[in-house]
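Listed after this line are the structures, all set down as structure tokens.
In what comes next, subunit A is part of two complexes: it sits with subunit B in the first one and with subunit C in the second one.
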Partner chain A sequence: MSTHGAAAAAQRPGRGTWIGRFRAWLGGSYAPYIFLLSWFLAFAAFMAYPIGYALWLSFYSWRGVGPPEPVGLENYVYVLTDVSTFWLSIGNSAYLWAAIVPAQTFGGLILAVVVNGARLRGRGLFRTTFFLPGVISLVVIGVVARIMFERSNGVVNAFLEAVGISPIGWLEDTDWSKPTFALISLWRYTGYTMVLMLAGLQNISIELYEAARVDGAGTVRSFVHITVPLMRRIILFCLIIGTIGCFQMFAEPYLITQGGPQNSSLTAGLYLFNQMGNARLGRASATTFLLLAVMLAVSLLMLRVGRDTSEAKS
Partner chain B sequence: MGAPVIRRRALLQSIASVGAVSVIGALAACAPAPTPTPPPPTKAPAPAAPAPTQAPAAAPKPAAPTAAPTAAPKPAAPTAAPTAAPKPTVAAQAPAKAPGEAIVWAPVGTDHYMKAAGKEFMARNPNIKLTFDAPGGIINKYATALTAGVDLPDVSFLFDTHVPIYYQGLWDLTTLIKPYAKDMIAFKLQIVTVQGKTYSVPWDTGPCVMYYRRDICAKAGVDPEKILTYDDLLAAGQKVKEATGGKSRLLNLEQSPVTATNWVEMFASQDGVSLFNRENKYQIKTPEFTRALNYLETVRKSDLGIRRTWNTPAYFKAFLDGEVVFHPYASWWANFVPPNLKELNGQFGAVKLPAFVKGGGTSANMGGSTWAIAQKAKNRENGWAYLEFAMLTKEGWLAQLRAEGSAGVLPSYIPAYDDPFFERPVEFFGGQKLWKLWMEVAKSLPSTVWFPPFWSEANGIIGNHFQAMFDGKKTVEQVQNDSAAELKQKIKEAVI
Partner chain C sequence: MKPRAELVSAEVPSARAMMATTARSRVRAPRLGSTLLLLAGYVVLLAGLAITVAPLLWMLLASVKPHSQIIANPLAFDLRQVTLENVTRVFEKTTLLRGFLNSALISGSHVAAELFFCSLGGFALAKYEFRGKDVIFRIMLATMMIPGLVMIVPLFLVIARLGLLNTYVGVILPGVVGAFGIFWMRQIIADVPNELLDAARIDGCGDFQIYRRIVVPVIVPGLTALGIFTFMGSYNNFLWPLIVLRSESMYTVQLVVANMSTATNTAWFDFWGMIIAGSTLASLPVVLLFLFFQRFFISGILAGSIKG
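Up next, the complex of A and B:
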């Protein structure tokens, strides 16, 4: 409590009663606590309770109606031993992560550097154009992608055929479905990543680049030795957000292939949805916490690998 | 002794904890609890046949959700149709006593049927106002509403396969529907009956026929009326392929796993075998399924199949471009085709499904849906009155069938078929009397059709193995063994 606050509190009536002492102890006003309490109530209602309830439910078998039946760890055992679907979905998500996240992050960084260039004409137009896919509805993207990538009549294959390449089963072939989703995601999210990177780039002092130039550093060296180290935190943030996005990817496979062909595009997020769709709510809850564990482990690993050792030492 | 010191941070934490606990407690009180089954209706509806003025009551008191429907006599309405069904019911004729309402969730594709019947119902029951809503993702929304027990519609669409999952939240209609049981297509009532109790009113059935492109068959010199066996069909497919220079194929080997499961089952169910029998035993290794799978494998190997996903632009374009000529499918296919293939008006025809052996079964079912009333619905008696009229009277059904855009929705209520309506030609199908064909198949559907409570899960699993076979990555034997092994591992209720 500040001195000013204490003095003000001391002047208020009721100073000698226990209510007055309590109020003074709080700093002279209930208002901050009432404001904070509303947040805690909302948090408890819409975050803590659902999470707690889902955790409780993960130990029950429940189809949404009727009494839940306790099953112990059965839901966790089921999911962990479901090699042909759950682990396949984790593998698919890992594949998508490898194909999307590094390219999206570093692609976004390079795009940001390019559109941040002072000499580039029409910077605003480029920035808007690259960012635009990020604001298009996923439903629209899903419908259009399904038409564009269709094997027999899709425009992508029509283009390939025009240049003498055989049609590809983008969405029908188990080998091609994941690369197709990677392409769609890169197209949609690289521009979004670029905007995040751009915000970071604009916080780097121009004097650093000027000093480097005086010392004889070229564009590439400046990028490697100034931009990348100073963008470390933003890069790390983008990597973690991208990782979570990959494991939670749902709308694209749901709208375009429903996880097919033969579960080749079944992501972890879609697996979770399917459990709910099958009215296996306990199993879906268990899947949620297992996915949380996976994402937490990957994110912690990234934080560990990407930590700033110089800051840690100081 | 000094006063105990409470640190401000500790107090804040305490406030937060108390707040959280109180909110959790309050919400927990709203959490779904074991729901006791409400007492069954105290009185069975009076049989309609001997006394046309008697019927199950149509929602006398919307305020009492647990009130049992009564069988109070009602005066016959002067608007009773003179061409009524053999056993006219009072719901069709008598206005409800008390004013009330009912909310009906009818998804797009079903809404025009339900609204047409609703209009007729409200004309006869001016005291009951029906409100129709067509929410997207209706099954998930309904499941959520059933779980929460709030914002429930009084009547909702469900697929037959969902009834065994959600039955504990649905109103037990056993007593109400009993007088009509003998007039229903038998399996339709059985698949919405769980542990001896009926939880919904069957709507349509899915009699399957074989659709074909008239123009391409004529060009290839193929007479579909002469295709009596699947061997004949294979020969016709070769002929069509040759006549079109390899452009046209025989069948679409369905690309969607879920739809493929239903589609493959259609072939085996012609001979009375479903994927699961009533003991939930998996039937994939029966001779009927082996024969069906071998046939489809032959189609693939002979390069007579295309691969498209049901109800997608590519699917309809394949028909438009003549890439596929024959399409064994359910009656409700006719609901989807005219709006998507206007250019082919008059170019489709239909015949009965071929048999696997001469004289073998040609009737199969695919899909089907039902209408349920939630146990906790506010106006469930009104909902029942409406469903009774719409689904269990001839007048209700004729109102649906005459709705604009009506096609391929075949009643589960047999007396509804006793009408000249089923003789009418269907313009889109070249003036063919398609309703009559569908009706003939519907009336002879095998009674062995069965969906176990785990159907939706099993469907996805099995469908993926079928997909692998259609892609040439698995043999018939591998599909049978692998799907059985996966079901055994994942669905403990399935008998393998």
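Up next, the complex of A and C:
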């Protein structure tokens, strides 16, 4: 491949000397290394070193002052045996995952198919509006949702009462707190998923649908046999980013319920934050790596399942 | 010169969609079944639209409604009672104005640094062959897949070690250059013709001069897009500034708004009007940016999907 860096090398002086040969070995120029210097530094200082340091600290007990005390695997054991909060938070996140991610992904797909429909007017308006919640900060969504879902004066219950449904303890009732967070997430992310799906739909050739129609397939059959199989990669991608996003959920429970009532909305993200807040830094480091392992395992599992189903179908 | 390279690529999907529209409507004659489906589609979309818009509309209207009415009459809105009392209360009782200045400083620094460093890095990856390029490329890809939450504790430890807790620099520093931005710029700079760069080199331009005089002027649309996503991410970020900043005078907009809700625990009900008005004010910059530069948002999401 001829790039313009190679042209640069030819006219540089100093070839044949030691330093010239070193430069030739690098590819003819120091410039790309200098141009990437900021990233090298940022990677070292804010990625590689912190992760290494946190990994080291996860085997120590440290409350932010004095020297860290080596404790072996104690932090990991503590977190892994912490059934009443750590595993509860993982369970809550799994519940939220089940309530949010499939609905958000397939809701986004259906919306995208409808918006992409040939005879629909106002596509731009729908796309813009559905995406709008995605640009509003989680803080705003959190503080306003806390007001809207309030039991006795909130607008949501006022609306339900107006249509004859008795008020619900959205944020006060342990059975309702997770569904409420699921509703908030679906409101924010379904439109975002739709935009991703819309991009994929526009890559499917219209001829396929025409051919299916000539063969007598209706809209629903085209959807099942053309749209879904061809969109499999994007669907899988949406499922994975949805999953990772779900396990990272923090701002909403932090701002709305602080994980309550009775830890019913304590998410994995909030559990991690609380340990930092208690200055349990070794333990927070261990939690970080355990959460990373959970997220990796779930993502790999989904990739595996996605690949298996695609092999089975093709 | 091709200053429009990015513009064109960003518009390809919608152009293709338009072609699809005309092609399909030409072929398909409306039948009863498809008309019913279209109708059902409209019902789904309009329901979705109502659910999406209703909370935003309520928030907007509640911010100009008398505070007492928000609680007493949450579903009603009386045009004759429109008031700015909630908005003035925000500025009297909170540091939101200061928050806007802090956010401008932090997000402005993020945007400036990200644009400069990512376009330089993207230039290196797009237009040079050098030893280790593949490895660097792969490491960047891997770093993009690390979930943000995982970095919080490690970054906190480092920022604390550097003595940068409760400083603007501590909030800004980890976000000055990112792999996503470098990839984004690399994609765009790859479309700049090599002939332009070679011509400049023959005219005696050095590597940095080529970047500054030839590359930068033709990638302005790509830079604008990156600037917008960077601003959005930085302005809306909550967890990182929450961890680094302690003094209220340094709080960003998001922290000020969050504080309105969490710091008023017992008297929370008395502040609903103010909290809603503050939330609306805090959302204005991003919503306006989104409405004016929609095209860039969509192309950014698509680029984000390519990385996966």
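The criterion applied here is as follows: the second predicted complex is superposed on the first by the 287 of 314 C-alpha atoms of A that agree within 3 Å, B and C clash if a C-alpha of one lies under 4 Å from a C-alpha of the other, contacts with A are read in each partner's own complex, and residues count from 1 in each chain.
We take it that a residue touches a chain if its C-beta (ideal position, glycine included) is under 8 Å from a C-beta of that chain, and two chains touch if they have at least 3 such contacts.
Predicted model, so just to flag it, every value in this text is computed and none were measured.
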{"item": "Combined model on subunit A: subunit C and subunit B, fit or clash", "value": "clash"}
{"item": "Which of subunit B and subunit C A:G260 touches, first, second, both or neither", "value": "first"}
{"item": "Which superposed partner A:S84 touches (first subunit B, second subunit C, both, neither)", "value": "first"}
{"item": "Winner by number of subunit A residues touched, once subunit B and subunit C are compared", "value": "C"}
{"item": "Touched partner set for A:E172, first subunit B, second subunit C, both or neither", "value": "first"}
{"item": "Subunit B versus subunit C as contact partner of A:Y53, first or second or both or neither", "value": "both"}
{"item": "Partner chain in contact with A:R146 - subunit B first, subunit C second, else both or neither", "value": "both"}
{"item": "Contacts of A:A31 with subunit B and subunit C, given as first, second, both or neither", "value": "second"}
{"item": "First, second, both or neither for A:G306, with subunit B first and subunit C second", "value": "neither"}
{"item": "Touched partner set for A:G20, first subunit B, second subunit C, both or neither", "value": "neither"}
{"item": "Partner chain in contact with A:N278 - subunit B first, subunit C second, else both or neither", "value": "first"}
{"item": "217-225, 307-315 or 397-405: stretch of subunit B that collides with subunit C", "value": "307-315"}
{"item": "Overlapping contact positions on subunit A, where the subunit C interface meets the subunit B interface", "value": "25-27, 33, 36, 43, 45, 49, 53, 64, 146-147, 153-154, 276"}
{"item": "Subunit C contact footprint on subunit A (complex, rising order)", "value": "1-8, 25-29, 31-33, 35-36, 38-39, 42-43, 45-47, 49-51, 53-54, 57, 64, 110-111, 114-120, 123, 126-133, 135-140, 142-148, 153-155, 158-159, 162, 187, 190-192, 195-196, 199, 202, 206, 209-210, 213, 218-219, 234, 237, 240-241, 244, 247-248, 250-251, 255, 269, 272-273, 276, 281, 284-285, 287-288, 291-292, 295"}
{"item": "Residue numbers on subunit A that touch subunit B, as the complex places them", "value": "25-27, 33, 36-37, 40-41, 43-45, 48-49, 52-53, 63-67, 78, 81-82, 84-85, 146-147, 150-154, 172, 174, 258, 260-263, 274, 276-280"}
{"item": "Residues on subunit C engaged by subunit A in the complex (per definition of touch)", "value": "13, 16-17, 20-21, 23-25, 27-28, 30, 33-34, 37-38, 41-42, 44-45, 48-49, 51-53, 55-56, 58-59, 71, 74-75, 117, 120-121, 123-125, 127-131, 133, 136, 139-140, 143, 146-158, 160, 173-174, 176-179, 182, 194, 197-198, 201, 207-208, 211, 232, 235-236, 238-239, 243, 254-255, 257-258, 260-262, 269, 272, 275-276, 279, 282-283, 286-287, 289-291, 294, 297-298, 301-302, 305, 308"}
{"item": "Subunit B residues within the subunit A interface of the complex", "value": "6, 8, 11-12, 15-16, 19-21, 23-24, 27-28, 31-35, 140, 143-144, 146-147, 165-169, 255-258, 306-308, 312-314, 317-318, 323, 454, 456-457, 460, 464, 467-468, 471, 473, 486, 489-490"}
